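Two complexes, one shared chain (subunit A), two partners (subunit B, subunit C).
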Partner chain A sequence: MMNLIKSLGIWIAAAILIVILPYVFPSGASITTMCLMGIMIIFALSYNMLLGQSGMLSFGHAVYYGLAAFVTAHTINWAIKSGVPLPLPLIPVAGAVTGLIFGIIFGSVSTKRAGTAFAMISLGLAELVYSSSLILRSFFGGEEGISADRTKLIRFFGYNFGPQIQVYYLIAAWCLLCVILMYAITRTPLGRMCNAVRENPERVEFVGYNPQLVRYIAFSLAGLFAGVAGSLAAINIELAQASFVGAAQSGAVLLAAYIGGVAFFVGPVLGAILVTYLSLTLSDFSEIWVLYFGILFVVIIMFAPYGLSGLLMMHAQFWRGPLGSRLARFGRLFGAYLVAAVPALIMLGGAILFIEMIHHVAQKGAEGANMHFLRRNYITINTHSVLPWIGGIVAMIGGFFAFRLSWPTVANAWHKALLDAQRSGA
Partner chain B sequence: MSSAVELDNLEKRFGKTEIIRGVSLDVKLGERHAVIGPNGAGKSTLFNLISGRLIPSAGSIRLRGENITGLRPFEINRRGLSRSFQVTNIFPRLTVWENVRCAVLWSKGYKYSFWHNIDKLEDVRARTQEILEQINMANRAQIPAGVLTYAEQRALEIGITIAGGADIILLDEPTAGMSRSETEHAVALIRKVSEGRTLIIIEHDMGVVFDLADRISVLVYGQIIATDQPVKIKANQKVQEAYLGAAGHD
Partner chain C sequence: MAELIIISTLNGVLYGMLLFLMASGLTLIFSMMGVLNFAHASFYMLGAFLGFQISQWAGFIPALFLAPLIAGGIGALVERYGLRTVHKNGHVAELLFTFGLAFIIEEVIQMIWGKLSVDYRVPTWLDFPAFTIYATNYPAYKTFMLVFSIAIFIGLIYLLTRTRAGLIIQASLTHPNMVGMLGHNVPRVFMLVFGLGTALAAIAGVIAGAAYVTQSNMAALLGPILFVVVVVGGLGSLWGAFVASLLIGLLQTFAIASDWSLNKFFGDFITPTRGTLLFDVWTVTIAQIGPILPYLLLVLVLIFRPTGLFGTRET
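What follows is the complex of A and B.
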């Protein structure tokens, strides 16, 4: 019994967190954001069944997400029209089945190959599906897409899922279920053989397994979970659009998985939360936020190849010994981070100022010399004056060198923390 | 005595070059059979053919009487033939435990299951532990295989090879690159794990070969020039000229 509680503890905690989050962030915008995060968490984890777990780099995972979204919209409309008593919480099952079926169909082609060939086939299939979405208008609905009124379905214990908060709980419940299932799959014979296939597919053949079949099953299951995510996405905005199967959607899930880190199960969860948050908030600050997003991606790939979860796990080794010494150790370490963060922020600020001024001059010169920095009305910058240009460049270059000077402090603090942790661990 | 592996006029060409040139061989069940020969003779290629890594250009391969020519490696493995590699071929970023467990799973019948919790499979756990103890690595179980010493990786290679319980085992130069004492250790291990099974071993160390083998085949330039008991191979004039005479001075 104690063991059961221990192994279920984290999921119980997650369930409690999900229930109370809307009380902590009650605004309409927060609820909407959290809905999108929940969907992206499922989608990114399903993507990582391919990339992180099995070593398959897919450029077309949105196919399963998007097709499931369309089937979901059609299923809702059909249920309304024919009067079939199908409550909304069961609708994602249709998405799961759709994702699974298309995973089985397309996977039978793509998983025959690994590596670059697999990646290229996934890209080709994605293009194929996207271009058919522009042709098959009756299914994909052309430009407008297919809309579906989720509130017209039979009520579920009195809920009609009109208010967003009800949709939040629907998404959250499916999200928790899918996360638990995907985690459980990593700890099964198939899940472990996925790792073996990722590491050394040839050797797998000599211990009795067909690596192609391992990849195929994993791929089909990833399609299933992507289907749930796509279905929830359609329910969330009561619409399925061609963009759901598009390259941008496939790219977004790749970014989320990489930024969060593909080597750890929680990585894509963190990535999904951050990417969703940034894509909603950065546009408030800049028109060219996608550029900053790209820069973030490149920086992560270059300096933290294991993503956010990798950075966190690097710190796990310091969490040893008595609580007091742990806190002191982290205190010293974060002190050093702060020393490095100040010049890093100056460098970043200078770079952003520089980029934004170029953008303003190049794109919006007609609006005059004045620019509202980061879309804040109270920060007006004259792009025709030379001072802000010099300021931006000086901050960028000066910040860079100051950051490099501060680096030994961080390295030193890191080294000391490591020694300290080893001593108190022994 | 019935046959474990029968090769009938086996040939393998890479493009125009013929590497295996009509090899016929009959290895009996329960026999320890060594394959020796100079570098580039085609010994590893022969193993690649038997284990399904390569498909023969001509000829046939039988496993316990069943024709397995053209089957894929996993199909051959499931029929009870397992092999090791000359160049260590493990799962470097998985732990030693996981390496061995991967090789145990199929034989316990779990196949592609994604509904069993692997940590709760007592038979898999017990077998994995047993293999780790056999190869003397129980205390290294949680280490990533990639950071093991060379000799440890070679031992793990053998562990992966025997973990599935195959009763016909092919080892490709298991002691190559090992020190004297490591070799002794490895030979003891091989003797232990091949107890009651059929063993085919490629080996350059003649001490090991004459110590271990019931029979020896000498492969030279893609052809078997002699198959016999160790004492007779030693005395064989053809073998002396073609191989042992030269190799004896190594």
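What follows is the complex of A and C.
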């Protein structure tokens, strides 16, 4: 009973958080951002049913997202035209069914294999669907896509879903529902078998299960949830475009899930929130923000293969013992982090300055020598003088070596904190 | 008709040989390290842009040699300091690393050369019609591309089968531990093969960039086709990669030249209403579905012959 209350408590807290968020961030821009985050959370979690839970690396998950978005747009248009009393909150069901159907169709081809072959088939199927989108114009609508006016549907308890805030609550409700369902799936025997198939498909076969079937079911279900996400995306912007099924969309969800960390259920949620936030804000600072994004992705693959959630979970082991000693332990650890952070930031600043200057000279040399650093007016840099170039390079390289000198300090602090935590745990 | 067939065959073989220049490196790297290098087409693109820049500064011939050298050097560094670090995290991490790398290379190229295509032209001393078939002039540059890529192909076969270095490479494919025991530095062999493979892709980029369009999306357009080639040919099989390259080169070239559609043959019997899905399917020409054909082939091969045409191992 206590466990039930405890696990229910998390979801109730999440529901309350969702309800009050628009009051905390009431501006139009933040509501829009949160809508996109909600959609991305569902999409990234559905992706993680493949990569994190079942060990299938897909390069074509946007297929189910995008096709569901198109079916959603067509469903809305059809309901308006034929006068079927279909309220907007039920429309994502159409997306879910679409995602599931295409998951079943394409999954029957691709889930027979695992590993690299699966990844290649998913890529091939994605290219197939994307190329078809340019041919089948009556379904995909060509360049301009299929638009759908969500407000023309029958009202749902008086709401017409014109204002963005109403769409926010619609997305949030579906998001919470999907997150709960996907979490529940990880707790079922099926979810456990998915993990087993990821770890050792041969053994799964020995104990009498069919790993292909397990992958197939997981894949179809992932298609279903991706369909919900795509459907909400189409509702959100009242448009479905060919780019929804494109490689960039598949790449975005892979990035979100991996940056958040695929080893923990909460990882893709963090990743989706961060990636959406960064993709909306970084473009204000730099035209080449996608490059920084790619570098962040590669750095995480190289040095933090469990993503952000992995980094957070690594610190969970220090959170034991009396509260005072916990805080003291974290205080000492973060002190060491601070020592490392200073040269790291210098290195980062130098690198960004260097990259931005190359970009300015290569792309905007005609605009003159002066560059507004990070697109703001308060730092202007003359790219024709030598000083900023030397400064950037020295900060980058010097910062790197200073950063490396700080690693033993961090390692030492980590070790001490670990010993301390073990002592107070025992 | 005969004219069309001859020209399409020439163009198809040329495209196929270019594909093979890339696929050979990709498949060598795969059979050594088990990594399908997602960024391989990015090195092709890098080669094209470096070739463009160097030919602006110093002419085409220096570009032909320097650009692959630089791109191969970058490739070797990527292996040494990137892939080797990621290796301990498993194959998925390696594949994702190369995926991220492709992303970065594309962005860096956009950052330096912009998103629009650059003005990379055929060198003037190769810009004349070499011979005429029926009424079509075949450009000298395309003849040069064909000869050059075949020369590289023969050179590669010679290197792999007739030289000591090739022997060590081949041995490292199957018995890396034994080769290591015999005193060869296997990680260095891996690094060099990675460098060689990326340099081959860059050569293809230098010579193809001048004939086709040099733009920052060329890797994204070609990359998936490259995977189709190595998977259809059979992962790790050099011979399979060769056959699949030619097959896909010819397939795509002939498709582009064809205006057949269902409507053309059956249009007299059935004419679907304009604006329906059936109408789209009915009137689409082979030329329009050309871009899809390789992927259809991939899916069919993976269903009916999972090892690929010449592969020995299940992918």
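As a working rule, the second predicted complex is superposed on the first by the 423 of 426 C-alpha atoms of A that agree within 3 Å, B and C clash if a C-alpha of one lies under 4 Å from a C-alpha of the other, contacts with A are read in each partner's own complex, and residues count from 1 in each chain.
Convention: contacts are C-beta pairs under 8 Å (C-beta built on N, C-alpha and C of every residue); 3 or more make two chains touch, one makes a residue touch a chain.
Given the structure is predicted, the values throughout are model-derived calculations rather than measurements.
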Among the partners subunit B and subunit C, which is in contact with a greater number of residues of subunit A?
C
In the overlaid three-chain picture, which partner chain does A:G55 touch, first (subunit B) or second (subunit C), both, or neither?
second
Between subunit B (first) and subunit C (second), which does A:A362 come into contact with in this model arrangement: first, second, both, or neither?
second
So, A:V394: does it touch subunit B (first), subunit C (second), both, or neither?
neither
With the two complexes superposed on chain A, say which partner A:Y209 touches: subunit B (first), subunit C (second), both, or neither.
first
Quick check on the superposed pair: does A:G191 touch subunit B, subunit C, both, or neither? Answer first, second, both or neither.
first
Per the contact definition in the header, classify A:N200: touching subunit B only (first), subunit C only (second), both, or neither.
first
Taking the superposition as given, does A:M120 touch the first partner, subunit B, the second, subunit C, both, or neither?
second
Could you pull out which residues of subunit A sit against subunit B in one structure and against subunit C in the other?
none
Residues of subunit A touching subunit B in their complex?
184-185, 187-193, 195-196, 199-200, 202-210, 213-214, 217, 221
Under the touch definition given earlier, write down the residues of subunit A that touch subunit C in their complex.
51, 55, 57, 59, 109, 112-113, 115-117, 119-121, 123-125, 127-128, 131-132, 135-139, 247, 251, 254, 258, 288, 290-291, 293-295, 297-298, 301-302, 305, 355, 358-359, 362-363
Where on subunit C is subunit A touching in the complex?
34, 36, 82, 85-86, 89, 91-93, 95-97, 99-101, 103-104, 107-108, 110-114, 220, 224, 227-228, 231, 235, 275-277, 279-281, 284, 288-289, 291-292, 295-296, 298-299, 302-303, 306, 314-315
Which positions of subunit B touch subunit A when the two form their complex?
51-52, 72-74, 77-78, 82-83, 89-94, 98, 101-103, 105-107, 110-119, 121, 160-161, 163-164
